[in-house]
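Pasting the structures here.
Presented sequentially are two complexes of subunit A, the first with subunit B as partner and the second with subunit C.
Showing the complex of A and B:
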């Protein structure tokens, strides 16, 4: 970074919030995905005004700016792939207001999502989106990646809960979108355009979130299926039975074995698939609904169905689900985590496709995920030092994307496109669909300074590359 | 990408690679450790988080950054509370990575002919391993306190480096009461029917500075039906040495303790300092490559090590004669929770004795930033964390703050003073509190 730029930055930020040391730069060079890029520096704004001045400067000098929350991204969202500055948003956490009268929360982007859950619940309200990293990740990161977690099936995804934003444009202007009303058709819906834009269109400095009354009761069951295909049919049958579960999760045999080997949760080792179903609502209604779901599971071949008798048993069931990620990580040093999503009626087809891909490429491919909304998480456990195997991983990941698209699905349900999936955008959207997106990006960010290198493929980039040639 | 270490890398870098690279590789960078890290909170930088530190160790081991200029300052500011290990979903052995990183720092410092912190070296090499000298120092402090000569200490250059910290801590060191010092090499009978034989680990700081708490510990054990052996020849546990990157020095101390305690044949080896207890549990780490039967002996020793609170939960408390006056709260020992995994034991004893007068402290499991001698070496950073904690203490309205480690004990005394709560609040060791409940008068 040249001396003149540094001097201009020092006019905006005090020295202790401008980091250029080697240790600091390395500390902001990674996230939870596969990739490491060294920024030229890190800035830690505390106000919207500072961000506006920074973006004006960056726009003028062509400095890439990469917004970052808690860096839990699985798609490379905050990585400074084109160098420049990492914009550490974690210090913008002044505001967490619950508005009971209007069922709203107004929050700063650096607030941890789990803290919003807690504050809402203390007011008898509920913020449904719950990505598995919610105890760590910031709401800003969740909104920009539109990550949602297991409750999407009944409650919808993060974007359904964001009704207003304050933001800074890549050219430095501060603007508002939406407002405090649930209904709002005044002009283009810029709120939804920014949510899920992966930090490429604007820097969010405040969000207004919709809350709903907290459901008074929940019931949870765990069903073990000796045959994978039966679990798929049971899921479809439950979803067409008139019941809308709050969550419906599945894990395959490899996950079951990994969890049991890591921290036994009493899952049957011979089950090809385990399904968790949770319903919430009126206490009388949920009792009836969970009984009906248990019946459907048994009719479709479940060998064992356990309905949680109390909160402790429910927690034990969810603990098994939460154990999957850490448990499978122990099977190898490198984990490639995907989130291709298909229409829920095609879940059995997607599961079959994944089994085929695993066998064809002889990989340790395990599957779990939010079966209810078609958002599966195929994970490949490998070792990036094994170049020959990494080549097979590249091929397998491409086939996973192709399979999802062929089934009418999408590349990403909630992790975001980021780096790795960018080469496949055209396969899903077609050249014209992708061009319409590019036109928006070019109009908002003419000098391409805001999180460059994400979402859009570089010219000629059509393949996944995980190994250095 | 794991690259071969550059051929120009120093011996210290190669050794760091061998000792920590594989362990560091287990980190999946999920960030679950961030919310529980006290220095990430207080300093607000990834560089001072567990995930950041593990990444820096990796980068230094791979030769991407300099061991001393880039990696060491971040590790230096780690409290070593190990809350990140409890939060980690994949079991990354952070303590092992940290210790390897610090040992590499010490080796590289020596190799480059730089000088290490003088105060640190002085205390670790010439004070803590020598019970006699520590006791003499304790007596010196005692005499200085009586004669009000404390400030003379600061004429001494290494002490001047840490003057603000020493001044602050000097004010809150409890008066040393030498008459309570336990004679080494004795066996004290149980009161009433003997249920067990236990050996008591005195600890260097506890013995020198807080002998009264040690004496009360033994009395409580005897009242609870334990015969107590105090083996001669025991010494400092070595925790401070390991934390400062001197595993070889720690290994020598551990060997001396193994020799001293094995002869007693006691069922349990009881300590009253969370930090020492953690080291006793992990003493095998520094002897892993020692051979000669040492690793096995260390494992057997570690398995018998217990915190006083665990022992009293097991044996049952002596009859209670008095309920505490006013509300009681607990600031946990990080090493009791995160390393010894025994956080519930003190809570159980407090609930049993104080009943509804026990108030849980919000953030009780967050480190108080005593961190061994962290508060001495990084006074300002430590006080920022402590002052935030005192706000929570104030909220409990407790008049008694219970601790279970000497470092935490002194730090809480300091916190109470800084918060201006001296007139309505006191910090006590769990043992002092329980002794009061059991009607043990601290007189002999």
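Showing the complex of A and C:
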């Protein structure tokens, strides 16, 4: 970074919020995905105005700016792949207001998502999106990746709960989108364009979230299936029974074993699949619904079906589910997390395809995910130093994407495209679909300074190459 | 239209679907809003390919193209204000597929929305959006205006139910957005950008809609309030009680009188406000919830509260609600329909503001709407030949917009900006917000051929002028 740019940055930020030391740069060089990129520096704004001035400067000088929340991204969202500055948003956490009368929350981007859950519940309200990382990830990161977690089935994704934003354009202008009303058709929906844009279109400085009344009751069951394929059919049967569960999760035998090895939760080690179903709503309704779900699971071959008798038993079930990620992380040094998503009815087909891919490439491929959404999380546990195995990983990941697209699905349900999936964008969208997206990026960010290298493939980049990164 | 252009159009469309006669042009010169504009001609495509060829030609020659569904728009959506061709989409109605397993519908834009409701219900499913015009309006028009009707409160707007599109860009390219999965973060959300874009960004040729299981039971009540302001407080009290009604509608005394004069539904003529509440879900839950809503209405001053005992009584209540529009249309030759929307908790304030505006300008201003969304529909009944009164109408409409914005609301909840609200866009969005929208329009439609003159104000156009239109 040349001296003149540093001098101009120092006009915007006090020295203690402008980090150029090697240790600092290394601290900001990775996220929860695969890959490591060293930024030239890190800035830690505390106000919207500072971000606006930074982006004007960056736009003028062509400096890449990579916004970052808590860096729990699984797709490389905050990685400074083109160098430049990491924009650490974690100090923008001034605001967490719950507006009970209007069923809204107004939040700063650096607020931890779990704190919004807690504040909403204290007011008798509910913010449904709940990514696995919600106890540590920021709402800003959740919004920009549109990461949603298990409740998408009944409650929709994060996007459905964002009704207004304050944001800074890549060229520095401060603007607002949407507002405090659920219905709003005043011009184009820039709110939903920015939510899920992976930090490439604007920097969000405040968000207005829609809340709903807290469901008065919930019931949870865990069903163990000796046959994986039966679990897929049970899921489809429950979804077409007229019940809309709040969550419907599955994990395969490898996940079950990993969790039990990590911290025993009493999961049956011989089950090819474990399914968790939660319904919420009126107490009488949820009792009936969970009984019907249990019956469907048994009819479709589940060997053990446990309905949680109380909150403690329910928490134990969810603890097992939330343990999967840390548990499988211990299975090997490198974890490739995917989130290819298929239409709900194609879940059994996708499960079969994943078994086929695992066997063909002889990989440690484990599967869990939000089965009710069709949003599975196949994870490959590997070692990036093993170049021969990484070649097989590359081929397997490519086949996972192709299988999802062939089944009418999508590359990513909630992790984002980021780095690794960019080469496959055209396979799903065609050249024209990708072009319509690029036109927006170019119109808003003509100098390509905001999170460059994400979403859009580089020219000629049409395959996954893990071994050269 | 010059002879060469007509010749090129004839290469795309057979003569019987290319209308230049005066009677035809007049038939396509109006919608359900205020204003009449004669197109140069009308085209009636039957395929996506024809639309693509048309748009390429129009883009090359700078011909305005104005897409039109059933022309029930209340904001001038399909009006050819810059001349050119009306694109009659009503023949694209080949597809209405219900995919029960995946809880989806795939539809052509010319399909009547009410037919989607019927087909979904036959499969035990439910498509919640329900604009008042749903028995005649097309799904294409509903999507492009994001018109949603009474169920936005619980179920969200139309946008929340569109997960994929096929579309033609203003430059003629055919592309698709989203897909068949509820979770999809593969690049920017072009689906929601196009939904609600009022036909200015792309022509939709197919849509994939998300359906939900049909709620097993519903309960409906009608409450009559001697005081308007009490009804506002009752609405707020119900909304913060933990109940999320499927619909919550209100009408003022003028609407009550209009409906009774048009076709008696037994509404109490002395009520300053009538509120309709519907809850749906599990039978036990809805019984409890409607009883609680009735109790709240009584506590807040309702004099008569009737819970529908059966489907016939429920239908009678909804018939009264659906009668409002035709009933008030008979009150005078010109009806200006607005849909300014405020945060829910500000409904009493907005009602007071509307009473003040009505009295100040001595106008026949009636109010009804989706109170649970904060989405009121103030309607001014007037006569456009009375220029003196129209001046007062202009001032009143401007004050309605200002009141909504001052209360943290928006110009339009679901009718769209269209023509009349364009001058007020900047008041709500600021110059920067409007600029971000314009950048997208310019990037996708560089020659401004798709529905020009809508949403964006003309240079210097900052006030409403009804009398010169």
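A few points about this structure:
Heads up, the rule we're going with is that the second predicted complex is superposed on the first by the 468 of 469 C-alpha atoms of A that agree within 3 Å, B and C clash if a C-alpha of one lies under 4 Å from a C-alpha of the other, contacts with A are read in each partner's own complex, and residues count from 1 in each chain.
Heads up, the rule we're going with is that a residue touches a chain if its C-beta (ideal position, glycine included) is under 8 Å from a C-beta of that chain, and two chains touch if they have at least 3 such contacts.
Just so it is clear, the model here is predicted, and its values are computed rather than measured.
In the superposition on chain A, A:341 makes contact with subunit C only, not with subunit B. Residue contacts after overlaying the shared chain place A:436 against subunit C, while subunit B stays out of touching range. When the two structures are aligned on the shared chain, A:185 is found in touch with subunit C, with no touch to subunit B.
In the superposition on chain A, A:428 makes contact with subunit C only, while subunit B stays out of contact range. More residues of subunit A are in touch with C than with the other of subunit B and subunit C.
Using the contact criterion defined above for the overlaid structures, shared-chain residue A:136 touches subunit B, although it does not reach subunit C.
When the two complexes are overlaid on their common chain A, residue A:236 makes contact with subunit C while staying clear of subunit B.
When the two complexes are laid over each other on chain A, subunit A has no residue in contact with both subunit B and subunit C. Taken in their complex, subunit A has these residues touching subunit B: 19, 21-24, 26-32, 44, 70-72, 88, 90-91, 112, 133, 135-137, 325-326, 329-330, 333, 335, 384-385, 468. Per the touch definition, subunit C reaches subunit A in the complex via residues 99-104, 124, 145-146, 148, 152-153, 156-157, 159-160, 169, 173-177, 179-190, 192-193, 195-197, 201, 212-214, 216, 236, 239-240, 242-244, 281-282, 284-285, 288, 341-346, 370, 373-375, 408-417, 421, 425, 428-430, 432-437, 439-444, 455.
Residues of subunit B that touch subunit A in their complex: 1-2, 25-26, 28-32, 34-35, 44-47, 49, 52, 55-56, 59, 64-66, 69-71, 73-74, 89-91.
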